[in-house]
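You will see two complexes here that share chain A, one where it goes with chain B and one where it goes with chain C.
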Partner chain A sequence: MSERAQRLLEIADDELVLGWRDSEWTGIAPFLEEDVAFSSIAQNEIGHARALYELAARDLDTTADELAFDRAPEEYRCAPFVELRLLDWADTIARRVLYEAADTIRLEALKADPDPELAGLAAKMDREEVYHRLHAEMWADRLRDEPRFRAAVDSLWGQALGVLEGELATVLADRMPAQLGWTPAQAAPAPRNGHSDGFRALWDEMTMVRRSIPGASW
Partner chain B sequence: MIYEVFRQERKGQAFQHAGSITAPDDAFAEAYAREQYGRRQESVALWLVPRAALRHVSDFPDELQKSYHRVDGYSLKAKLKEARERAGTAAPRDR
Partner chain C sequence: MVTGEAVWAALAEIPDPEIPVISLVDLGVVRDVSVDGARVHVEFTPTFLGCPALEVMQAAMVTSIEALGGKPEIEVVLDDSWSTDRITPAGRKQLREAGFAPPAPRSAEPPRLVQLRSNAFRCPYCGSNDTRLENLFGPTPCRSLRYCGGCRQPFEQFKTI
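Right, the complex of A and B next:
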């Protein structure tokens, strides 16, 4: 697999799986307006995944749907961070805040990529991400001094660092304290190899309908 | 806080009341209104107005039935008929 396809799949899998996890809040978010907004943002992330899969699919001579739903669990390249099944709203918001911060850095790098297709898609995604970021930052501002939120950020910090590699992870570590108003507790980055315990169950559910009639045209 | 949301479907068109949203402040109101009234490209612009900023006006008494203020209070058909009879001219369709 080309390096470009691998890179695209990493980001696409992150967006698909996080979109999937966040969509689990549909109908049970803390209040109605947030429920609608949060679900809409989750759908947006899945839309970004689709665009990334389409580009990768061209390189790999397949389709976006096959990449999204027909791979074996171990073939997914997402970071364990996006796989976590978070049942607490503080954890969920902390993940959104940390993921948006990491994704911003990743998109900045991608927008500057010499590959015009990558850079172009990154610019398109970035224009939508602006509003995801606003949403995350508003919550972060509001919860800044809440012990539950701080504990959630601390517990997820190492996982969040694992979304990015090398220099980009350093940028995240440098930026986050200013954005949060405090420094998260030191944590080792969780690497992007292997999956968290809950991933298999997520994969089962996510691909269930498609696997129910293999080869069907939906 | 409740915000009334008005949306503009196309540039140049009048804003129309779309509904309302509940949000703790202007910033959240904007985020929620965007997702609820803009995510399907159904709006080109929104106005968000805190409900408290709206001045509600209602109750327009018309105790004396001053129907001449209204278009339907002045029956043109009857007046025309009378005028035609006085002038001795028929209605256009009868000519």
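Right, the complex of A and C next:
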């Protein structure tokens, strides 16, 4: 597999799986406006996954749907961070804040990529992500002094660092304190290899309908 | 014989599936049309990547080009060429008349919370600037929710992207 296809799949898998997790709040968010916000954010993330899979599918001579739903669980390249099933609102908001910070850095790098297709798509995604960032900013500000939110950020910080590699992870570590208004506790980055315990169950559910009639035209 | 002009005119008759007051051409999603004999090539730029109406839009364009006797090829361009600035003046007027506040023009910097929370947005019903942000998100990815203190109505504000 080309380096470009691997890179595309890594980001697409992150966006698909986080979109899936965020969509779990549809209907059960603590208040209606957040129900709308999480549904919309999840829809955007899954839309980004679709566009990234489409580029990868051209390189790999397959389709976006096959990449999204027909791979074996071990073939997915998402970071364990996006797989976690977070049932606590503070944890969920902490993940949104941390993921958006990481994703911003990743998109900045992609927008400057010499590959015009990658750079063009990244710029388009970035326009939409602006609103996710504002949503994260609003919550990070509202919860700044809540011990429960700070504990959630601390507990997820190492996982968030694992979304990025090398220099980009250093940029995230440098930026996060200013963005939060406080410094998260030191944590070792959780690498992007292997999956969290909950991933198999997520995959089972996510691909269940498609697997029920293999090869069907939906 | 299909002409580019006839194709543009036909596409200008296709309403946006989610906001049928505006056509695909006024929405700015048709980037280019080129005609070579019967072959009609359309460059189409999605609005939001997660918009569920993209396939419906493509299917509608295929049907309308076929009705002209053309062989449609719809190319989906996944680059950065669509922004809300591509909505035409006629399209903005149609949106406002249907109760959707059209998007503010893009500026060099992305919008900030302090701007969105300000009263720089006008109510499409009564024209008052006494409006506040209710939710960054709304019924579709392209809209936010605001509330007008003037006429005490919630309204949908197009996001600037």
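Everything below uses one rule, namely that the second predicted complex is superposed on the first by the 218 of 218 C-alpha atoms of A that agree within 3 Å, B and C clash if a C-alpha of one lies under 4 Å from a C-alpha of the other, contacts with A are read in each partner's own complex, and residues count from 1 in each chain.
Everything below uses one rule, namely that a residue touches a chain if its C-beta (ideal position, glycine included) is under 8 Å from a C-beta of that chain, and two chains touch if they have at least 3 such contacts.
Worth saying up front: this structure is predicted, and the values here are computed from it rather than measured.
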{"item": "Combined model on chain A: chain C and chain B, fit or clash", "value": "clash"}
{"item": "First, second, both or neither for A:31, with chain B first and chain C second", "value": "first"}
{"item": "First (chain B), second (chain C), both or neither touched by A:138", "value": "both"}
{"item": "Partner chain in contact with A:170 - chain B first, chain C second, else both or neither", "value": "neither"}
{"item": "Which of chain B and chain C A:41 touches, first, second, both or neither", "value": "both"}
{"item": "Chain B versus chain C, judged by how many residues of chain A each one touches", "value": "C"}
{"item": "Contacts of A:117 with chain B and chain C, given as first, second, both or neither", "value": "second"}
{"item": "Doubly contacted residues of chain A, that is, touched by chain B and again by chain C", "value": "33, 36-37, 40-41, 44, 131, 134-135, 138"}
{"item": "List of chain A residues in touch with chain C within their complex", "value": "33, 36-37, 39-41, 43-48, 50-51, 54-55, 116-117, 120-121, 123-125, 127-128, 130-131, 134-135, 137-138"}
{"item": "In the complex with chain B, residue positions of chain A that touch it", "value": "31-34, 36-37, 40-41, 44, 131, 134-135, 138, 142"}
{"item": "List of chain C residues in touch with chain A within their complex", "value": "48-52, 76, 78-83, 110-113, 116, 134-141, 145, 159, 161"}
{"item": "Touch list for chain B against partner chain A, complex", "value": "21-24, 27-28, 30-32, 34-36, 39"}
